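Think of it as A, B and C in the order they're written, each chain with its own count starting at 1.
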């Protein structure tokens, strides 16, 4: 096994385990922390895939932004007591089956289809390339997303504001 | 070299786990977290394809960027909604919020 | 002048129009119009008669009345000895009666209406006797029937009068059916209804006429019998005579004119006119003779016991008509017509005399409340006496010559039984006439006190016609009828019947004289009996006689219950049948309709039930199903989002599985 492969399996296991903790943890804060580490694991996978920029963005945005946001939300909505409360609702079995079947199907699809080239194609420099694409081919989605973010911001502020009594 | 299918299988597993969490967790924020897991799985898949497919021009990366941006916006709004829910229903367990019940 | 014969019926027609349309203006002067019309008509008739005597004659079509394919009937007049005699009798007697009516009907409120009807009658009767074809004669026939109805029921507010009018018309109608059928047969055999054409065509059609027809009788016999049926109705013979006694409900001038002198003689005229046909049918002639003789006898018996003076004279009329038919039946047509003429005069006189008596007694008609009227009513009683003698057949008055001729012809024709009947009838005729005379004008005074106060002779306008008629009665007989069968009259009219092929029965002079003497003796016997029983008025013999033969007396008094018999059969039974049929109709038809209605309601009720239960049930069940289904389905909405999410995931999964299983994605 090459280094690459070893790293892959380690990072893969790491991400999967942490994802499981996210989904199954009793304590929600623990789940949030697990999420953070899961994001990091994925970032590692991105680097393995020569996607440095994305790795950076992942860490910055996901870990630095979203998870903080989640934590704040948890803090704002947490209830002090009730740690014996169940975590999963009553459709856990069925959803478990559904998830497993989906995994199987997707796995089947994945292993069946794609011809991996003998050699990895040459990939241009990440950041400049992404920047160029964003400004040229995908300029419209780029603008749209900015509007979306604006709208999201306004909406979030509005929704979360304190009610006037 | 790690074959593409490995990454895709990993992506599938992560997605399945995220789906399970979205369907089964009671805490609203937990659901959002599970959804983030699902987003991540998809991003991984995009990046993997972008890397391995010969015709790729790194569109996968761009898409992944967009996914992240949208995920961020969505998380923000989702959490604002959860806050609203919490204020009105005094609970964050979604299976207790069933006003639209028959 | 004979071409002006159309004036004779038209002049009274003018009178009808004037009095009919302007009656309210003529009012009490209506008689002037009517009498003028009739008088002028009589004058014209007299002139024409004289012309015919010296040989003129006329058979002319004036106007085409009916032209329908092969059938044609004209309006035309035939003037020959027979019709001119009839015409003269009708117009002269009619004129005198019109004059009389001016006095008799003086106080009647319907004065113009009376004269309108009288003139209308004159028109119809003259058309009848002057017609030259059967159809026009039938028109007159019906016309006189109509006028008879109108005049009998003249006082229509009186129920008995209007009933009598109806009876007359209905009974006449039965006879008319016979005449119509005869006319159909005549037309079919001869192709024409004109007298001349029919009689001339007899030779050619003889084979057809002699062919056996109904009931084995020859065709010509059938025709003649049908004609005779009509004559029976119009001239009141057995069995259709029942209307004549009831017809006395009408005013007395009406009885005189219509039911003595003219209308009832129409039947005799028709038979005489159809002599050529009758002469080919000896069976028919025999029937005519027998019916005539029996009727003469029968009616005479009833007249013997009647107490209403008009009814006595009515039955006498029926009886005398019987003699006329007897005459026709034995081939003595001319004698029959002669008797018709003489009878017209003295019967009219009798009726007018009755009218005078009734008028004098302020409406009394019952013999038993009269008597001793000779002094107060001299003219009336004298003329009445002459008429009674004439009716009884006493020489030299009118009735003797004509009746005697008929009886002689009967005897000579070997119809001895009929002669016996006729002679017995003559005996009774004499008896009842003088019973009437003695009871009314002599005998005991049974007059009611009130009536006695007003007792007076009738005014001249009434008595003068009586005298004129009386004069005719005295003279006409021997003037025209002597010697028997060869007098002026016979030489005049006989030619008509010779041409008709009437068989001549030679009667020896001796036989004639013997029969005449016998007849006179019979008549005198009758008068004698009446005198013995009734002259003094207090002879108990009649009453005792009636007591002895009480059964016979009651039967005759009740007119042999013929009227009751007819009513029972035709009226009562007919009503019963009608009621039964009505019951069937009401029951069956109404029952069916009601049943149908009830059935429809019942069916619709069932149908409604079905609709109600089944259809409504169906609709309700469907609604229930939907409701149940939706009750169950709504449970899907749990309100928990994760359930929806799960459902979506499962769905996606299924689609994917199916897609992959179907070979997609390879």
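By our rule, contacts are C-beta pairs under 8 Å (C-beta built on N, C-alpha and C of every residue); 3 or more make two chains touch, one makes a residue touch a chain.
All of these numbers come straight from a predicted model, not from anything done at the bench.
S.K.: When the contacting C-beta pairs are counted for B-C and for A-B, which pair yields the higher total?
M.R.: A-B
S.K.: Looking at C-alpha means, what's the farthest chain from chain B?
M.R.: Farthest from chain B by mean C-alpha position: C.
S.K.: Could you grab the centroid distance between chain A and chain C? Build each centroid from C-alpha atoms only and quote it in angstrom.
M.R.: It comes to 134 Å between the two C-alpha centres.
S.K.: List the centre-to-centre spacing of chain B and chain C in whole Å, with centres computed as mean CA coordinates.
M.R.: Chain B and chain C have C-alpha centres separated by 128 Å.
S.K.: Between chain A and chain B, what is the gap in Å from one C-alpha centre to the other?
M.R.: Roughly 6 Å, centre to centre.
S.K.: Going by the contact rule already set, what residues in chain B reach two or more other chains?
M.R.: 19, 23-24, 94-95
S.K.: Note the residues in chain A that touch 2 or more other chains, in rising order.
M.R.: Each of 89, 91, 95, 98, 102, 109 in chain A touches at least two other chains.
S.K.: Tell me, which residues of chain C touch at least two other chains?
M.R.: Within chain C, residues 640, 642, 646, 649 contact more than one other chain.
S.K.: Using the touch rule from the top, collect the residues of chain A that touch chain C in their complex.
M.R.: Residues 89, 91, 94-95, 98, 101-102, 105, 108-109, 112-113 of chain A touch chain C in their complex.
S.K.: In the complex, go through chain B and note every residue touching chain A.
M.R.: So the residues of chain B in touch with chain A come to 1-21, 23-30, 32-34, 36-37, 40, 43-44, 47-48, 50-54, 56-59, 61-62, 64-66, 68-77, 79-84, 86-87, 92, 94-95.
S.K.: Going by the contact rule at the top, pick out the chain C residues touching chain B in the complex.
M.R.: Touch list, chain C to chain B: 634-642, 645-646, 649.
S.K.: Note which residues of chain C are touching chain A in the complex, please.
M.R.: 640, 642-643, 646, 649-650, 653, 656-657, 660, 665
S.K.: Can you tell me which positions in chain B touch chain C when the two form their complex?
M.R.: Where chain B meets chain C, its residues are 19, 22-24, 31, 94-95, 97-102.
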